[in-house]
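Structure record follows, encoded as structure tokens.
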């Protein structure tokens, strides 16, 4: 089992959700995040003073999947999130030992879906 | 050492904290998250237009524990969070290599508690 | 590859960013978190009723690094975040299997930076 | 400026007498001057009373902001809706029956049907302005209750309550003390010489005792008291919003108190000064009291202090001296802090915004206190006998509003139900009752 | 109180006549009394009209709060700026040419140049007060458009629009119905006996039809309609802010309607009562309609219901009966809910705050409905013939404002461009147009 | 309408003279008419002055919203408390000693003890209305300082400051220019013919120079300047809140400027027009200036532009021509942007809301500029000699308020301390000073 963490542009969420759905991946969790990456930030100005914003708003997705689903998930995320421009984001794949469904207590591959 | 990630219903936090305390687990970190799972969302309506809300508000807990604490922690979370209804949440158990306490620089099992 | 998770005091972010920059670590992601730790919380009062706040506001940093960077990253975080007082925070180091850059699809050590 | 007994009634009577006399001497030149003078003064009174009514109307969002600011984000739409609808329903009920019951010709206990749903405005040029002024007062009494019942009341039940308060409860007790203001009827309390210039008792206590009945009948919010009965704080989600609300109320009170002259005269300025001094004093002493009791100057309590001072001065704003106004406000600021604590920690009644303390306790205080701070007491004035009269009024209002409230809310409770389901309360009334969200997009911790 | 035809014009004419007569008999004693009376009454009228103008000015933040509350956090600075600048630009344009075109000497279709950028205030004591009162009315018409064009309009293009509406579009159609109020000119519509006391058509429909043209020309916001044309909800980010806005507007409307007397008289009170009843009725019926149609009482729709009632009563607030006011408001509350749905789901025009339904549909409704609810119709009054006149006015306004709007917005579209770039719309206009952030520090989900 | 020198004083004198004359001829018929006229006009003046005072009072939440909107969420309770308490303390101090020092019988430098904590209101019917009107002016001066000292001032020290400004500093300099308005005393500045109708200098500059002294004594907020002295932006947390504040202030200013007539006359309308034009022009030019300098139209600066225009027109709102008003406002809008930058980047003084630029720089500009834009200058009027007088007033105010402020704040600094601890400033004053939280439940990034 793997836990897939993806950072994407906030406005790409709907596209990513669509392409995940197409790949039959329906479960995920999302948090707000600020990201610092190759995209160098932008400049706001506030009352005449320049503000260098180098922490950009990103969405962080967490998807727990069985091993067989790793590749399709990565592919689907890339498909939904890629624009080809800097700032598109990253995907991190982490090993996961166990997964438990709180409602039933069941574990493992069944619990994930 | 393991990092335990749990998604629970927001209103279950106090119950989970209580049952964790009873199991002598006092340290944890919490973030807000939006979750998409078996629970199919609900319908709000806004000015007459139906809104399908399929990202539900969840709390995400992160608890780093020594191996001996994994089972008690899982048990405690389930005890506190279970209602038996869809949406109760999931627990993910991840391997963790090291743990460092910033204040003292100490590492490993001592740093976690 | 490792994923380094650090919980720090919110007002230490700038210092930590500085010391990470000095160690040539430029990429990171940040979320808000509430933390429960050795620091025992504090008391607000609201309209005469005491409020025990035991979930303190923390920042959660996530930094994906190649193995060679693990030590410098930990050192830099400690340098930036340490005050010596309770509440300074924790660092968790997690194994990471793969890293993918969404924009290019490239993987591994190159994708991380 | 001191208006010895019966408050505003005399002013109107004077106007009426003038009108009479000017009619009597209609042929003479002087009387022509008189009639021009009266016509102009009446227009001025209309102008003033209308402006004051608008200011009092503006207290509605003030109440909404205070209540919402002191409660949780997940119930904010529901609170907005309650405040919007109680005034809307109240306005219609006021026209349908409220005004008639309060001011129509009738007995000393209840006004008559002479002004039920009337469209006739020929009687006196001030009439419709008087009507709207009294309408926004009724709306104020109605909306006070909302805060004490916040975060757990069924919306339908609240709507029902709104129908009853503006249609029946407020007008009847209002008739007792103010029935004669319209000139066709007189209430038993004003007959006794009860003084309540702008409504510490008639408006504020009326709302507060209903609020108390509501809060008791509902029971506390989930999580307000720990299993061992210790009070726990449920934090308000937006203190600047509550502060804006308090400032709006303070602003509106300049219509509430000085406007109750319903006449453009120098009394306006004096009443504005007493009102302002009492509010300021209430803020200062509430600040200090909270500082002493809780170790830090508490924002919520200081805001309550302003309202406490304002409620307290309302009864005597026309007749107390300036040092009197200062003292009345100052003591109200202390009282409100102690009362909030007492009701919360000892009585264990959950009143999220402190409505009972602000409008009830300080309303009583102000109604009684005026006896001792008269600016220019009339010849033979006795503070103790006035106090007896005031006590009668205060007691009658408590029996009526609290008793009536207990009956009303219990009838609702055992018929259509007064409280939302546990699940709805936890998820928030916005989703449960309205299917709406107050702050879409904002990330908010919902664990309380 | 009923002012048979021509609305406020007669009032001023009476004053003028009185002035005349008092001059004619300047030697007699009575005329001295007359002139004192007139002087005092004029001062009172100035006082009242000025206060009313300030209340109407205060509607500006009301509109800003409603619009911002019903839209997303990422565009909130842009919305604030539009509301600030349309009034600022409008005020300057009004002085430069708007007032002259609307009220200056000229033909029945357009006023003349006699009051272009004038600094002369000697003509009549009321003049400058009249000027500021009419200025804030123009500002109201201008700002209505902002809501319908929210979240996707280029800022520069919006500024350009502001110049044109207050400088040209509003004053010209305003001249048709109200030109004679200043006393030097008369419009063709008022000549026909068109009744629109405070501007259901002249102000609100004018803004609404321009808004409709703008919303059509812009097209819907990204994500408002799914590829198969289904309407999707884009949630407003701050419902308490929208509610505060509605209450502020309600408050301001007490300047808008009663203030349109521009005279301190007993009509103020009556108009305040009709206005308040219609607003309350609109809130109640919109609540019920949304409850029936969507299963829960919707906050946004109830708020729109208040505004619907207010817009509808504006035309006839002086002349309809009280049951009439109640019915006009109540039907407006139903209409607005159905209209918002119709425009959104059937016409598929994206109007984020429902401006076209509130100000356009209910403006038309109110302008026509007054024919059937006259309080004291004049001898020989025929509802049907009045309806014909009203229909002429309503139709002329639609042609003028919608037609003019389509031309204006299309010219802008094909020259400097009307809509922001796709990327800017997605990231938010605050960053794109202003480089600002509305809620720095707050964590907000930006995925919509 | 032009009131040549001494401003409002003459108006009151005229009234007094009329009163006198009507007494002299008490037997004749004409004088009876005179006395009726005066009685009615006085009631009207009371009505107007009271309403204006309420509008000016309402500026208090305006200031609170602007200050809070432009600063960080973690200090919002503290800012609310400062704004609440400075007015509350100010009101009490004003009654205790302020009013007496400013208007009591005394010398030309300082008023006397004749009206210290008085409860006597028999002297003139307008007195108490005059008292409350002046009280809210004092409150305005006091609250200006809060913004410049935001986010780092100890709460106790701020309370102490509030006692001193309303009790001593403002009344004394106020006496110089306006002492004679009450009729029992005259200040040296008005004696010289200094013109400041509604207080560009007397109120706004007074507050601003105190604010400057406060900001200098405090030093900048942590993180405002990088180690190498580069200015860094600290973002305001709530721009819609700041915008609402500015609109409320604009609304209140219609009480501030037109209200300063303290008389219901046609001047009200004219002053409302000049005030509105200057505000609009200030908004437009500040928008353009920020656009040119920063590449995008900045929201914060446009909001400051409105206030700049309003402050600048305050001194001459009664006497400048309309094009003059437009130019005065327009230049103020440019000045404020440049001044904010200059103070921030060159002088490196940290004024979070731009109070010194808005109220100080534009206050001076407006006080001087009126000399050149007189609408109907009196015979023999010389702009240059008037300028000399104005410069005297402006200079005297600077010396008094800035000098007094430096002494006051340094005394506080070296006794009880002026600034909160570093830790408290970083965690936020809400937690540190009050143990409160402004937005409980909302997730907010606290890393600044």
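We call the chains A, B, C, D, E and F, going by the order they appear; numbering starts again at 1 in every chain.
By definition in this document, contacts are C-beta pairs under 8 Å (C-beta built on N, C-alpha and C of every residue); 3 or more make two chains touch, one makes a residue touch a chain.
Keep in mind that what you see is a predicted model, and the values were worked out from it rather than measured.
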item: Intersection of contact partners for chain C and chain F; value: A, D
item: Those chains which touch chain E and also touch chain A; value: B, F
item: Pair sharing more residue contacts (C-beta pairs) when C-D is set against D-F; value: D-F
item: From the options A-E, C-D or B-E, the pair that copies C-F, where over half of the contact pairs coincide; value: A-E
item: Self-contact between copies chain B and chain C, residue sets same or different by half; value: different
item: Cα-centroid distance, chain A relative to chain C, in whole angstrom; value: 18
item: Length of the line joining the C-alpha centres of chain A and chain F, rounded to whole Å; value: 52
item: Chain E and chain F, separation of their C-alpha mean positions in angstrom; value: 33
item: Residue numbers of chain C (touch at least two other chains); value: 31-32, 34, 44-46, 94-95
item: Set of chain D residues in contact with two or more other chains; value: 29, 33, 36, 40, 44, 47, 51, 235-236, 238, 294-296, 298, 300, 435-437, 442-446
item: Category of the chain touch graph - line, ring, star, complete, other; value: other
item: Chain pairs in mutual contact under the definition given at the outset; value: A-B, A-C, A-E, A-F, B-C, B-D, B-E, C-D, C-F, D-E, D-F, E-F
item: Residue ranges of chain D in contact with chain B within the complex; value: 223, 426-427, 431, 435-437, 443-447
item: Chain A residues touching chain C - in the complex, by the definition given at the top; value: 2, 5-8, 31-38, 55, 58, 60, 74, 77-78, 81-95
item: Chain A partner contacts - residues on chain C that touch it in the complex; value: 3, 17, 26-32, 62, 64, 94-103, 105, 111-112
item: Contacting residues of chain F [partner chain A, same complex]; value: 70, 231-236, 290, 293-296, 298, 300-301, 304, 337, 340-341, 344-345, 354, 443, 445
item: Chain C residues within the chain D interface of the complex; value: 32, 34, 44-51
